[in-house]
Each structure stands twice: as C-alpha cells, then as structure tokens.
Amino acid sequence: MRKLVWLAAVAFAVLGIAAAQAQDTPRRGGTIRMTAPYAASFGSLDPHATPRAQDDIVGKALQRSLYNWDTANNKPVLELAKSVSVSEDGLTYTYKLRDDAYFHNGRKMTADDIIWSYTRIMDGTKGFPGARYVRIIKGAVDVEKGQAKEISGLKKIDDFTLQMTLTERVEPGYYFFAGTTAILPKEEVEKGNYAANPVGLGPFKFKEHIPGSRVVAERWDKFYKPGMPYADKLEVLIMAEAAARDVAFRNKEIDTSILGPAQYVAYRADPQLSKGILEVAEMFTRAMQFNPTYKPFADKRVRQAINYAIDTDLIIKRLVKDKAYRAVSWLPPSSAAFDKTMKPYPFDPAKAKKLLADAGYPNGFEFELSTSQNESWGLPIVEAIIPYLDKVGIKLKPKLVEVTVLTEIAMKGEHQAFIGSNLTGPDSLATLRCYYSKTPRTACNYTSFNNPEFDKLLDAAGEEADMAKRNDLLRQANNLLYEEAPVWFFNYNKAVLAYQPWIHGLQANPTEITHQYPENIWVDATSPAK
Amino acid sequence: MSQSTPASATADIAVKRRFRLKGGLSLWIGGALVGLALVVAIAAPLIALTDPVMSANLMNAELPPSLEFPFGTDAQGRDIYSRIVYGSRISLTVGVVSQIVNSLIGVSLGLSAGYWGGLWDDLVSGLTNLMLAIPSLIFALAIMAILGPGLVSLVIALGLTNWSYSCRLARAQVLSLKSQGYVQAARILGYGDLRIMFTQLLPNMLGPLIVIATLGMGSAILAEAALSFLGLGIRPPFPSWGSMLSEARDQITTVPWLSVFPGLAIFFTVLGLNLLGDGLRDIFDPQATTRRT
Amino acid sequence: MLPVLARRVANIIPTLAAVVALVFLLFSVLPGSFVSAMNEDGRSNIDPAVMERMRKEMGLDDPVTTRFAKYVTRIAVGDLGTSFRTREPVTKLIAARIWPSLKLVFAAMCFAIIVGVPLGFLAALRPGSTIDTAAMVGAISGLSLSQFWLGLMLMYLFALQLKWLPSFGYGDGGLRHLILPAVALGVGPMALLARTTRAAVLDVLNADFVRTARSKGMTETRVVEWHVLRNALVLVITTIGLQFGSLMGAAVVVEKLFAWPGVGSLLVDSVFQRDIPTVQGCILLIVTFFLVINTLIDLAYVSIDPRIRYG
C-alpha cells in the first residue's frame, strides 16, 4: 500500500513537471502584436535621430545598444560585449565584444561599428539626441564642436576589444543602454535612406513600415542569443486612441495594450482580463513644481503647507485609481538610493493653515498653475486639488496648455507653478542634479533650487567610487529634498500593460513598460494571429 | 473669379435652402428642444442640485444614477446632472456667440462686396473661396493651438472659420435686390450707401441668415466636441458637453452614465437646432411654401 | 470645354498662394516649438544643449520674414521642406499618406451616395409618406451626431459585439478594414445628400417644364426618368462636390479614432508635435484636393446641363 502511494506521488510529480514544462517551454513561431500608444505615427526608424519613447518600441526589436536594461535585477547589463574590465581610477573600461553579433545585412559587428556609431551621434551638425550620453566619453565633445574627427576616448584594441575612457566616474551602463546610442552598420547608413530601411543588430529584421499604421519585422535567424527570438513575426501597431485600443484588445486584435487609470479599474474588475495585467513602478515622478520667484513659494513653509493641505492618498486612490504609488521623495522606488523608510507628508489641513499663518499668509493667497490635459498628471488632478487648497485659503487658477507648451513654460520660468511628469531614472545621480544649484533652469532645475547642503551631498556623491557609499549620500540628498519641498510630491507612475493570455515572457521594465526586448517574448498556440 | 461660379452659387441654395421635414412639425419640435435648452441655461442656478465645479468630492466618485445624483457622478465625484445643466450655458454660448461673429463677418463682407462690386468684390470672393477650401475643423484647430484651449479661444476659432456661407448668401441677395425698385428709389432719395445696406437690404435677407445661423449653431456645438476629442477644447473645470463626452470615451461601456447624458444633451440640442433651422427655412423662403405639394 | 478648364485651373493658383501665406502666418505664431514638443509624451528625454542646437539648425530663431522668404522660394520649386520630426522630405511623408486617405474619402463618399441619393429620391416621390418621414428623421439625426461617438459605437457594435469587422487600423489595405471608418465618415455627407436629393427632386417635380411634359402626354416614368433626373442631378452633384472636397480635411477625427494612416492623422500628430513643415504640406494637399474636386464638379456640371455657360 505504502509503495503504491509513493508510486502515485512520483507519477503525479512527473506529470506535474511535464505539464509545467509544456507551460514554460517557449513555443517557436507565431506573431507578436504590440501597440505603440504615444503618438499617431513613428518619428523615425533611425534610432539615432529620435529621442521618442514611441520610436524606441520598434528600436528594441530592430536595434541593439552596448547595454540592455535587465528587468530582473533592475540595472543595465552588457549586451553587445561578453565582459568588461575597469581600470584602477574607474575611468577606463575595456570591453570584450561579442564575436557572434550580425547585422541584418549579414555582416559581423566589430569594434569599428561601435566607434563609428558613437562618432556619428556626436556629429555636431546633426544634433542627435544620444549625444548627451556619448558626451561622457573623453574627447566626444571635441568631435561635437568640430575640433576633432575621432573620439579620443574610444580605442580599438582588436576587432572584438574596445577601450573606452570616460570623463567622469559614472556607470556607463546607464548611458549606453539608451536606444539613441544603438550600434548601426556604417555601410547601410551611408546609403542615405536608412530610416526607410533600417538594418540593425536586433532580434527582428525590418520588413515593412506603413507610416501611421504599423511596422512589421521578421525573425533574424542569425541573432546571437541561441534559440531566440521565439516568434516568427513582430508587428508594432500604432494606436494612440485609448478608447479604440480598448475595443481592439477586447476583440483580441492586439496582444498588449497600455492602460490608463479608468481602464485599469475596468480590467482589474473583469475576471478574464484581470489575469493579464503587468504592473511596474516606472521611473517617472509626478509633481507640481513651484517657482520661487513668485513670492509665496520662496518660503519653505508655504511649500510644505501645500504638501500637508492636499489629501494625496485619496487622490491617488480615487482619481488615479491606484495606478500610481505615493511619492515620498524625488527618486522613485526602483532607484538604489530610494529610502524605504520615508514617511509621506500626512494630510493635515490644520497644520497647513498654521504653516501658512507663520509664513505670513493667514488668509492664503492666489496662484496660477499651468497644466496639461493628461489624465494622470494634468487637469483632472488639478480639479481635485482646487477644493483642498480652497479650504486652507489658497485660490488656485488652472491654466490649461498643451504639453509642448508646458515644457517651454517651465524653461522660461514665467509661470508661478506647473504640474507635470518627470523622468527620474535610471541614473539617480543625474536625476538629482536637476536640483543642483549650478544646473540652469533650462536644464531641468525648474524650481531654481539652491541649497548649499544639497550641493555638498551631491558633490560628495559624484566623487565617491564606492557604490554603496554613493547611494547613501544620494539617499540623504533625496530626503533633504523632500523636507525642502520644492514641489508638491504627488506620485510615481505605476505603468500597467494589459496582455493576452497567449503572450509570455513580457518584462516589467521600469524605465518604460512598452520597451520590451522582444526576443524573450513568445506566443503560445492559442493566439488567433497567424 | 469675379463671378461666383454656378456650382457654388447653386450650392448655397441646394445645401442651405431646401431641407424640410413636414414644415410646421419640425419647427415646433425643434423649437421645443431648443427652448428647453435655453430655459435650462437661463435657470441653471435654480434647477442645478450642486455647484458644477466646487462640489467635487472624491468619496462620491463615479456613483451610478440615484435619487441623490439623478445622472450619477463623474470621476471627481461631481453631480453629472448639475454639470449638464450648467454645461448648457457653455454649449449655447459657443453656438450663439460663434454664429453672431460668423454672421457679422459674413454679412458685412457680403453686403459690401455685393453692393460696391469691383475690386472689393473680387477680394471678398477670393477670401470666401479660400475659407471654403481650408477645412474649418483644421482652421479652428490651428487657432485653438495658437490661443490655447478655452471658451474665448473656441468662440473666436469657430467664429472666424465659418462665415463664408452667410457671406455668399448676403452677396447673392444684394445682387438680386440691388436693381429692385425700392433700392433704386432709396438711392434717388439720396440715401447713403451704408444706410441703404442696413435699412433696405439687410432686413430683406434676415430670414435666410437666421436659418444659416441656426444650423451653424448645431455645427458649432459638434465642432466643440470634435476639438475636445482632438485635445484642444474648452478649459475645464467648467463643464462643457463636448469635453465631458470626450473625457468619458474610455469608459463608454464600464461607466456608461459618464458619456450617455452629455451625449444625449448634445444630440437633442443639435437635433433641435437642425429641426428649427428647417422649420424657419420654410417660413422665410416663400417659394418653398408655394411649391410644397 | 478646354478654355473652361484653363480658366478654372488658373483660378486655383491665387487661392493656393493665399493658403500658403495664411497657413505660414498662422503657424509662425503658434506657441511651443518642435524642440519643446520632443518631450510631449512626458516620457521622451532630450538634452537642453541639443535643443538649442536644433532650434538653430531648423531656423526656428530666424525672423518670420526670413523664414517666409525661404519657405516661398522652396515651395515655388515644389519643395515642401524637411520634416522636423523624421528629417525626411515632407513630400515623401505625405506621399505615403495620400493613397490611404483617398481610399477612405472615396469609400465614405460612395457610402454617402449609394445610401443618401436613393433615400432622398424615394422620400421625394412620396412626400409626406412614412418613408419620407423616416428618411428625413434619420438624415437629421445623422447630422446631429458627434463623429467620434458614432465611430466608437460602430466599433463596439460591429467589431466587439458582432465580430463582423476589425475594429481599427489599415490591415492589408483591404475592404474589411475600410468599412467602419468609411461609414463613420460618410454618415454626415449621406444625411446631407439625402436631404438635398429630396429637395432637388421635389423642386423639379413641381417645376413648370415637368408639368408641360406631363400635359404633352409623356408617361410618368418617362418624366421621372429624363427631366427630373437631369435637373435634380445638377443640385445633387454640387452637394457631392462640396462634401467630397472637404471630406479629406474632415477625416481627422475618424482617422485618429480608427488609427487610419491618412493625411488627417499625420496633420493632427504634426500639429501637436509642432512639425510645422509637415503641417503646412498636409494643409496644402487638403486644400488642393478640395479645389481639384470642385473644378471637376464644375466641369461635370457644364456637361450635364448645357444651359449653364460660363460668363
């Protein structure tokens, strides 16, 4: 009897493993149908020419950069190199490159391609967006200014060994995982029609682009990761209209769809749809930024009072429908310098009133807030704030503008306050530099923040080679920022991607959830797509 | 380009003259619908249950219709019924003011062009053709982008882009009336040009102009909704039907009352305006009455 | 016929020139610029130093007069400029959108004509009947609907509920993907056409020469067939022309909703991203389309009704 039970147990275990394997073994073939939700068209398929998040959705399939973002470990990892060694001073990196990476035209990638690509990005006459990253390499700025032909900090040792010297002690992975620093084949770019026929190193090979509708790509058989990509075909369908995307997703015409707050609620409530929801805390911090040249906002107590006066948690719960995490500082939770013990400003109108009175505004004051129409960090939020501030005597007048204009307003500094979303990662040091006193308003110090103590912490962090110690300094700086309240800290975005049950291998990428490395994605046989 | 082409001249008549639905009935139904909207707009503070903006209370967000909230509440927890009631003021303002602007521009250009003729007429005709050729929605979109979203911008945008119909009508009417006896008589009596235009010519074309304006109001209300959809509408928190409908489009199936009520308000108001315009046409166009079988 | 054509074409040119000037003027005072719009989605990331350089490179800081002079000289040789966004010639961008746009506009117009004209005709033959009332109530309702709402309803009904048609996109460019956006776009013109047709037919039926024809003993059918048809046609074709011509511009909402890759969606996208050369190119194309269609209609007009002469 005992033996029988034992046998049965083994049998069940074996069956169980087999079943699990059937579930977990990626199936080869099929079509992935992703959506590009941020605009009604792609800007350019030349990855160097466009900084847009929308375009990089396709870029992740067709192109490769020196590093990838590793979602599992939340940091950049080597992609086009097998190993790297760092010099004593932390400035010189020697990369052992892959010798099995082929461009879609069949040519093998070498160190020359990386050097050529980075040099192209630094072409000062083109103003390529990736220049901001490549500038970290020694001598890159000289190329940009036209004073040199070659980047002196890039040296080819042999075909598959590259030496890179940096100007500062930073982690180059944060710089060279960006889609705008992809490695392109010189001969294809020089043909002159690259954006119409992009040739890259990515897992999928370009097939077709119908402007305003979609990009189609096919499996690249010589991709360097064994067995990958799994799918035969990848379609990126442009769908900027959320209401239409909802219909298409429910109608099983697309495999992934990014969700706004209203749809997030509906999908979570649906027994079927709720099974396919991927969530991640993205590196975007939403905040109302005060301009200290408007007198009341020069006083820290006024800024704190606003943080006390608004029931931020309720707004996130009810209006943003929990599609966000309460902000407890500037850096997002995915940052290594994030302080998990931080407590948010409690909702305390009485305290807000007292702070306002102490600051000399017992009867409040009036200010104009520039805002966009965005549902998560625009007008609906402002509408909800109005009554809260009204209760402590502050009259808020919303001024609705397009996002385009919002950026310009923030840079010119003619506003009293504006509310927006800010990229706050992945490099925490670079992110906090937005509050460094020497950073100009046009370069993201929108609150003209000037705090000697904060500057000191940031300087020390920049000098520090030890990552743990550096993060500790950054954490202090970040917490100081929360206390100083140059902004109303609202939330960190929770990005939500709905996916169909037949899609597997999606990555919860905190730098941008729509940026999927598609070689990891596979489609099981239940997909209706051919 | 000195003469209006046969196609466009007939178009005025074809498109704007002969719609009718059993004459009187459409006038009454249309009048009743528009009258209701007007009454609601005027009496808004009396019949609204709460303030449309400051009543926000997140604890009440997205409640279905009930006795307390007859049309339910929106994402901010505001009473949709009250917002629709106040929204009638905004939608009707958009319709009426933009049509007044249209008529003023169209009539003054059309009257003067038809009366004086010559180079001025050529210029106005050219401008009218230009306005007809540029799609008004795109023109309005550009103006909204320049002025920034808001009620005033919207009225300006819609007021500047749709005057070509009234302009053509005024011009055509002047051309046909100019030679008639009473105008000639006024001229012999020594009346000034402006006096003739405004006392002799204008009253004779008021009827058709009102018809155009009535139909135009409906289009303006729909245009407001379209601009909201494209992201350049009226500035909330003030409730406009178009922006309410546009904001609710993500939740048409999940939270239907957000879109149903503003949608119905737009539909019935525009329907009313269209019916009223048809009915008025039958009254003001004597030919249509005699010819009716 | 030929001199008429020449006259009409000559008439197009000053209008187009005025459009060029007007559009340039409008968009030169637009707040925000392409450079600041790069951050428009709140997710993209762009360096201020690069922004500064791009402003210079694109001539955004030049005085308006300089930019206008440059623009006009380029347009004169058929060069619409380079798109800020894609760094490609605007002509190339627009060329890719013309075919889908034309398809949508033609399909919508076909729908409007096939449904609208017979409906109006039937209604006019039996004025006051149930058919008449139903047709006209339908037509006025069609004119009173918000286009994006109608489009969404079509999607829900025919894609999600009935599963007959795909809900969005261009697909392989075939009919299945075309139907829903074409109907959403065609309902307005359809309603207008039904009403115009009805009015035109009624007018003609009661005109003196039809009565004369009847009194001459022509059968009712012959009367309807010949005189009525030809005379009503003039009015109907005029309406078709005006509707047809403005449809490409009116398609922006439908194209955005259905993710249809036409000129309208390119235009709206470019307005929001402040890609001004593309915006100007799109508007020029839309206006040209309107003028060409109306010229053709005028010509058709002359050939249908020989009584019309150009002065």
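By letter and in written order, the chains are A, B and C; residue numbering begins at 1 in each of them.
Following the convention adopted for this analysis, contacts are C-beta pairs under 8 Å (C-beta built on N, C-alpha and C of every residue); 3 or more make two chains touch, one makes a residue touch a chain.
Every value quoted in this text rests on a predicted model; they were computed, and no experiment measured them.
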item: Between A-B and B-C, the pair with more C-beta contacts; value: B-C
item: Chain whose mean Cα position lies farthest from subunit B; value: A
item: Rounded Å distance between subunit A and subunit C, as computed from the means of their C-alpha atoms; value: 39
item: Interchain centroid distance [CA atoms averaged], subunit B/subunit C, Å; value: 21
item: Subunit A and subunit B: spacing of chain centres that average the CA atoms, whole Å; value: 45
item: Contacts with 2+ other chains: residues of subunit A; value: 243, 401-402, 405
item: Interface hub residues of subunit C, defined as touching at least two other chains; value: 31, 152, 156, 256-257, 268, 272
item: In subunit B, residues with contacts to at least two other chains; value: 145, 148, 231, 249, 252-253
item: Subunit B-facing residues of subunit A, complex; value: 242-243, 246, 260, 262-263, 265-266, 269, 311, 314-315, 317-319, 373, 379-380, 383-384, 386-387, 390, 398, 400-402, 405
item: Subunit A partner contacts - residues on subunit C that touch it in the complex; value: 31-33, 36-50, 53-54, 57, 85-88, 93, 96-97, 100, 152, 155-156, 159-160, 163, 166-170, 256-262, 265-266, 268-269, 272-274
item: Sites on subunit A touched by subunit C in the complex; value: 38-41, 43-44, 46, 49-54, 124-125, 127-129, 131-132, 195-196, 210-214, 237-241, 243-245, 247-248, 250-251, 253, 284, 374, 377, 401-405, 407-408, 411, 420-421, 423, 440, 442-444, 512
item: Residues of subunit C touching subunit B in the complex; value: 11, 14-15, 18-19, 22-23, 26-27, 29-31, 127-128, 133, 136-137, 140-141, 143-149, 152, 156, 192, 195-196, 198-200, 202-203, 205-206, 234-236, 238-239, 241-242, 245-246, 248-250, 252-253, 256-257, 267-268, 271-272, 283, 286-287, 290-291, 294, 297-298, 301, 308, 310-311
item: Contacting residues of subunit B [partner subunit A, same complex]; value: 53-54, 56-59, 61, 75-77, 145, 148-150, 231-232, 235-237, 247, 249-255
